[in-house]
Amino acid sequence: QQKAHFQQQIHRLNEICWDKCVTDKPSSKLDSRTEGCLNNCVDRFIDASLAITQRFAQLIQKQSMN
Amino acid sequence: QQKAHFQQQIHRLNEICWDKCVTDKPSSKLDSRTEGCLNNCVDRFIDASLAITQRFAQLIQKQSMN
Amino acid sequence: QQKAHFQQQIHRLNEICWDKCVTDKPSSKLDSRTEGCLNNCVDRFIDASLAITQRFAQLIQKQSMN
Amino acid sequence: AHELLKKMTEKCFNKCVVRPGTSLDNSETKCLNLCVDRFVDAYNITTKSYGTRIQ
Amino acid sequence: AHELLKKMTEKCFNKCVVRPGTSLDNSETKCLNLCVDRFVDAYNITTKSYGTRIQ
Amino acid sequence: AHELLKKMTEKCFNKCVVRPGTSLDNSETKCLNLCVDRFVDAYNITTKSYGTRIQ
């Protein structure tokens, strides 16, 4: 089941990063800019997920205190 | 189960209305235009759903009469 | 179950081809250009699916030989 | 027909109600009705083309 | 809240991280935080409007 | 591989077949083949980056 979750995450990340990084018509090789973008995209998406989850937790906590 | 359907509708509406109304980079507060748009968006989406369902029912009925 | 798969494929194709072919505001009749586009879209999507599946199978085979 | 209605509602709402106001105006309502008609046309074409092709 | 977080993450990542670099810079992090706040605002408005309407 | 093929088909069809004609022409077919190759490249990069990160 954990493997299924991993696979699903890969498909989701791949779709998000493909849409963000591969904007031109496909050519005979991934150019280095696109390759760098794809690598960074995965890492920044994880960073962003963590930042967003943290902020959201703070919001929930603040609301439950009021 | 009804609660699950309600939740799902909210997520769907929120995504549709976010895409329609929040077009700029997020700022420190929802401006009144965006807030009005979000409020109207939910109501107009429900109006549109009703209008569409009615029209579709008429079409089906007309086709089954031919 | 095969009928459910057929239905699902229709919904998927219809969404893809609607997005590709119906770009203007709806009018009182499908114009012939849009109608031709919709007809071709379904056929070309199936052609493309076959071409893509074949290419992907070749890639997999090449990788497993290395 | 549930899936069809759901997709149709999203596509037609996005096409016809660009800036949601305090009520649906006439041009939006007219657009929604035409959109339903054209969406059903498209669905019929898709179904027919796909059916013919996979026979 | 899982579905909310998932949608929020996709929408806010796409809005705030336009060209992913070697780390999140300050403006991206600030944008993500504001985006969470506004997404929750939007969610609250949607929930309230929908709740009022279907009563 | 079913999910991969499904996504790949949608992304590549949308990218390579802009105005569907009466048959796939040479440039469309070439584009589809390259698109498959690049999509697999992207998938491999994504899998590797994600795998490294969550270790």
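Labels for the chains are A, B, C, D, E and F, by order of writing; each one numbers its residues from 1.
We take it that a residue touches a chain if its C-beta (ideal position, glycine included) is under 8 Å from a C-beta of that chain, and two chains touch if they have at least 3 such contacts.
Because the structure is predicted, anything quoted here is derived from the model rather than measured.
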Third chains touching both chain D and chain B: none
Target chain D, source chain A, minimum contact steps: 3
Equivalent interface to B-D, taken from B-E, C-D or A-E so that over half of the residue contact pairs match: A-E
Per Cα centroids, the chain farthest from chain B: F
Chain of greatest Cα-centre distance to chain C: E
Chain A and chain B: spacing of chain centres that average the CA atoms, whole Å: 27
Chain C: positions in contact with at least two other chains: 17, 21, 43
Residues of chain F whose C-beta touches two or more other chains: 12, 16, 35, 37
Cyclic ordering of chains (reference chain C, direction chain D): C, D, B, E, A, F
Residue ranges of chain D in contact with chain C within the complex: 3-4, 7, 11-12, 15-16, 31, 34-35, 37-39, 41-43, 45-47, 49-50, 53-54
Residues of chain E touching chain A in the complex: 1, 5, 8-10, 12-14, 16-17, 19-24, 28-29, 32-33, 35-37, 40
Footprint of chain F on chain C - complex, ascending: 16-17, 20-21, 37, 40-41, 43-45, 47-49, 51-53, 55-56, 59-60
For the chain B and chain E complex, residues of the former touching the latter: 7, 9-11, 13-15, 17-18, 21-22, 25-28, 30, 35, 38-39, 42-43, 46
